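Two complexes, one shared chain (chain A), two partners (chain B, chain C).
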Partner chain A sequence: MTDSLVSIARALVFIVVALVLCAVIFSIAGFSAELMFSAILDGAFLRNGALNHALRWGLPLFITAVGVAISFRAGYFNIGAQGQFYVGAICAAFVAEWTSGAPAFVVIPLCFLAGMIGGALWALWPGLLRLRSGADEVITTLMGNFLAGLLLVYVTSGPLKDQSGSGQQASSRPLDAAYRISNSLGVSPTIIAIAVIVGLSMWLLVNRTSFGMMSGLAGRNPTMVTWQGAKLWKVGLASFIISGALAGLAGTIELMGPNGRLASGFLPAHGFTAILIALVANLSILGSAVAALFFGGLASAALYLPVIAGLPSSAIDIINAAIALFITARSQLIDRIMRFRSRANG
Partner chain B sequence: MDDIIIAILRSGTPLVYVTLAGVIAQRAGIWHLGLEGLMIAGACATILGIVFTQSIVLALLIAVGVCMVASVLFWFVVEKLKANQIIAGLGLTGLGLGGTTLAIESIFGSQAAVSAPFGLPRIGPLFGSFGNLSILVLLMPFFVLAFWVLLRRTRFGLRLAAAGEHPFAARSVGIEPSRIRLAALVIGGALCALGGAELAAGSLQFFSQNMTAGRGFMAFAAVIFGAGHPVGAALAAMFFAIVGALGIRAQLVFGDRVPHDLLLGLPYIATVIGIWMSARLRGGAKAISGFGELRDN
Partner chain C sequence: MSETTPPVLDCHDVTVRFGDVVALSDVSISFASGAIHAVVGQNGAGKTTFARVIAGLIDPDEGSVRISGRDMPKGSVNDARRAGVELVHQNFALPPSFTVAEAMQFGGAGGKLYTRSQLERRWQAHLDALNINVKAGQRIRDLPVESQQSVEIARALVTDAKLLILDEPTAVLSPEGTEKLFERIRHLKSAGVTIILILHKIREVLAIADTVSVLRGGKLVEGPVACSGIDADKLSELIIGPSARPLDEDDRAALTGSASLLHTHVGASAQDGAAPPILDMKSVSSAPDGDGPPLADVSLAIRPGEIVGVAGVEGNGQRTLVRALSALAEVQSGTIALDGKQVTTMPLQGRRIAGLRVIPFERNVEGLSLTSSLWENWSARKLLQGSLLSWIRPSALRSECKSALDTWDVRYATVAQRAGSLSGGNAQKVILSREMDEDARLIIAAQPTRGLDIGATAFVWDALDKARRRKCGILLISSDLDEIMDICDRVVVMLSGRIAGTFEPPYDIARIGAAMTGVAHDR
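This part shows the complex of A and B:
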């Protein structure tokens, strides 16, 4: 219990440190930090319907973050969630295009299947390169993000291009309303149900199965797992596939829910934010749900800032980046205080 | 032929400078994923410096200063707070990308590209058709050589390797690895600033948000591909630049028959192949950074 208290305390302390750094950056850039933070707080958590907005952004983020947590737990730095998210959405969009006209109860499951397979495949090749050749997954998944971004540009300005669109941003033809799983506000019973199912099943997978046990051990001590006779590469590859499939699922939700179409370069910070959520939650599934709501709120503030408060939305990117800078930090001071407290209490 | 070589030098030079920064950090024991963020900070600071001071020297000094300060912050987080290098590096990159966008927005009121009236000095008509390249292109081979000497032939280079490979042994002979790493990161910061300056003010003379487009990560891959050797890593960086230039050339040759956006992906694919080859050639790469430490606390 104390351990998790220590880690929560540490996360909170370093989030505060990160926010102080942000305040410094905002002031240097010529913004009043006070004004900025109050606008962000308002946009993220206090305005009318803030919870709805936080859920709209938080639910897909939660699903991707759970995938990130699973690969990180197994000891693999799959930081390609963004690319897997894009490829999932692209595959789902193609299937929606090909099956267009069929009844919704056929099309929607097929799209979800395609999205998850697409995401899984985009995680599979870095996984194979890592497990068969030892090619470092940090770089390969990062490059995968850039490639998927280009693929999205190609798809939205080529095969799936919306000819009627005259906007600057290339986008695909909009999905038929019958195939949408939510309106553009992005919170519907279907999406909530998917997130709950993902959360529960992955919690069970991690905490109640031998895979969860083995992958957790593999992340800490791969040699021991090999000695115990488990196939390390199977555990590793499964972690890559699951994390990719979940990111692809989130991409499909964004496509068939709030967005309704693909747009080139949509939600560019999704993968990075999901990584943050997993880390802030110390790779726990339940913690990810709470953290996703927080970062979902911040993501909704990124839209609120320029429109309502007249402040640049890059402020949110800076807050996220500053939290990333500090979130894995370990301060001896905090550990010492917490240990002292637990001794005093016990 | 000349124009291909010019294109390769133009895209390769920024990459080489940033790669050298990655090499010195890696030899000191730090896997530096913040290169991308430092590079864009350098690019932005150079252009803003030119716009506001009308002096290339001052602009470069500002860029180098900004990147050095950011490097000290990175050092503090990684070395003093013991943060995970990969995640903290990504955070630094995010700060660079977001911070430069914020700076542009706050100064000019929009996210549009900022152009500068002039860029880095050119190497001059003496070099014929290459005369339009910036002096940083000309200096690049000397930097690579100087780095080779610094890392392989000096006391500092030896200490750097000791701090990176056997910090404990280093400490036992009175070298403070943490201080050596600070020096390595600060030198690297200056190099990233030069790389960013060459990118933005070498031939383009403008800054736009996210203009580094993953070059910092490619430089990081070049460090791995080049096995941490300054010359090898610089060659790897040039290799990525060659692939990129060939992709652009292929567009001219094949026209619409090959999708333009997919050809832009060639350098990224080359990077993946480079990482894969170096893993094959040298056996499985060591995990860059242990994850156990992240979880057990």
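This part shows the complex of A and C:
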């Protein structure tokens, strides 16, 4: 417990340092650092309804991030959350299309099931390739992201294309309002309940089952776990499947909640922000919840950056990237120091 | 030793610290040239650190090093080399994929362009001159350890070495290989090279060295004194020091390698001749495993209350044997039975449930997850006996772990600390506490005392002995013949994946040594 608190505190320090760095960069570029900070604070946390906005972005991110944390903990760098998120949403959209007309209490659960299975399958093939033939999951899941992105383009401009759509972006036919689980603001008791259930059940899985402990050990030293007689492939495959299913679940929530339809290239940074959240949280489930709310807040602050500070809204990507840089540098740095120490002792 | 010749090495108040650990403390010593000087001490006494300071690999925190009367700049390998100091490492540092000639060229001088045949001609001459029977075109990885070591020595002698330091050169050698090495060393001495030998066996010290110095806990406690003026008992006392626990005479002799060549000690055997064997391997052959030669027709039975030792030069299939017994290497033919039950095709998890326990070779890689907590490491075995989805109570596991670690006398702060923060001996005790529980039937202990100091080594032996009294079967793999002869009820020797001989007490080190090198086949 204290361990995770320490790591959250440490992550916060790095986030603040990253923000200061961004402030310096923006002020060199001629923007006001002070306004940047106030836009972020106001947009993310202080203004009316800020919590709602943070939750709207944060809850799906949290669910995906938990999945990322579970696969990273087991030692598998599944960076394909974005692809699994898309495939989940696509599968749910198809099921919604096919069951259209049926009562909501049938359609909605079926869509969720389809979304989770879709996401899980999209994580399963890189998992199998990794476990059966040693193909690097970083490469395969990354490729999977591009494939899923193209699949989304195909689906929204082909089988599910909205013929009446007038925008430049291809999108699917909007979901019947009866099947939506929230309005376009995106926060509803259903979504909160799903996030809480996911958080609790995954916390239990990680902290209160053999699987959780063995995957933590296997992630840190697979050789040792093999000598204990564990079947590594079981732990590995389960981790891939769970992380894919959760990303697919988040995709389904975005589809049936705030978005109401598939649009080609929608939420393109969802997966990577989720990875960032999991890393900031040091792969802890509770930490991911806190970090997801923080990044949800940042996402909603993106709207305020142009209004208050005159910055382009993509400035938030620069801020996210700076945080990512510091967080990954942190673990590299710590690794380096640990290795140096063990060499000195050896 | 004339008045005018300065000592070849003169250390003055050398102190080295690694963080809080003082590896060497105020060591002042000087060595006369043209002699063989032994430096002995238990593991962790600072011997390797001492060797590295002289070779310029470690920059001492305090003190100075003079070589042939000249001050050495601190921590400069090049300056030490120029002064004629060469170090042969304990773990060979030759690149396995290089040919001998390449390793000689680039390990020593390095630099200019040569063709392969030029290189090979050049270094073949050097090897021949040193009477080393190796082809310059062979790859390092294809050479047996003895030859690799010879090449290391040849490499060290490329430049005009005046002071050659050999760090634990006998650790990887058979008794016969050791004798050959000693001949080579005597030869070098007669050619005017001063040699510092880091050793830990008294028998070897007395056989070769002119003087001996003893390090204990980073301090120089004796020396250099002439070997003619000291005996094995006195030396072993100096090495062990005031011991915290009384050691029996044979253990003491085994620990310091001062036992006589004909070993008459018989372990306090607890075996029960009539009982069915706990392990029964029948003609087991394995697939090539990458970790050494495959097993070829290995038959081995261990009865309850029996410790069977596996001796052999490292890399002769000992690893494959342990991996095959742990279901990690594929068995192609033959059968393995555990406690009367066929387990030939059973995975490790099942074998563990049936009572198999493994103390693996690599404590820090195969035995523990160094970045995980103690209680997670300790609980791993227990957890794997159930299903992956079973519930656990971390608080209960933590308190069970705490009481187990306390029983095993592990020194730790909290069970939540990382396993990597423990010393070698304590880390090994964590593994013992996990692998030597009451349900254990067959315990495989692979190099369980490697790198441990004398106290921890004696502790491991005690633990093995207690398990023997509980009627466990124990398979001890060790490259330390003194250890094997001291505690085993029976010894088998492995050579190229085969059992090359079986020996019962009283053990004759010469015959075991012959079997290790394949000179003679016993039974």
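In this text, the second predicted complex is superposed on the first by the 310 of 346 C-alpha atoms of A that agree within 3 Å, B and C clash if a C-alpha of one lies under 4 Å from a C-alpha of the other, contacts with A are read in each partner's own complex, and residues count from 1 in each chain.
To be clear about the criterion, a contact is a pair of C-beta atoms (placed from the backbone, for glycine too) under 8 Å apart; a residue touches a chain by one contact, two chains touch by 3 or more.
Computed from a predicted model, the values in this text were never measured in an experiment.
More residues of chain A lie in touch with B than with the remaining chain of the pair chain B and chain C.
In the superposition on chain A, contact is made by A:Asn221 with both chain B and chain C. When the two complexes are overlaid on their common chain A, residue A:His270 makes contact with neither chain B nor chain C. When the shared chain is aligned, chain C comes close enough to touch A:Gly229, but chain B does not. Judged by the touch definition given at the top, the superposed model places A:Ser210 against chain C, while chain B stays out of reach. Within the superposed three-chain model, A:Phe77 lies in touch with chain B and out of touch with chain C [touch as defined at top]. Put simply, chain A uses residues 216, 220-221 to touch chain B in one complex and chain C in the other. Within the complex formed with chain A, the residues of chain B that make contact are 33, 73-74, 77, 81-84, 86-88, 90-95, 97-99, 101-103, 105-107, 213-214, 217, 220-221, 224, 259, 261-262, 264-265, 268-269, 271-272, 275-276, 278-280, 283-285, 287-288, 291-292, 294-297. Residues 18-19, 21, 326-328, 347-352, 358, 360, 362, 365-372, 376-377, 379-381, 383-384, 386-394, 416, 420 of chain C touch chain A in their complex. Residue ranges on chain A touching chain B, taken from their complex, read 6-7, 10, 25-26, 29-31, 72-73, 75, 77, 79, 129, 133-136, 138-140, 142-144, 146-147, 150-151, 153-154, 157-158, 216, 219-221, 272, 275, 279, 282-283, 312, 314-315, 317-318, 320-331.
Across the complex, chain A meets chain C through its residues 3, 207-211, 213-214, 216-217, 220-221, 223-231, 234-235, 238, 338, 341-342, 344-345.
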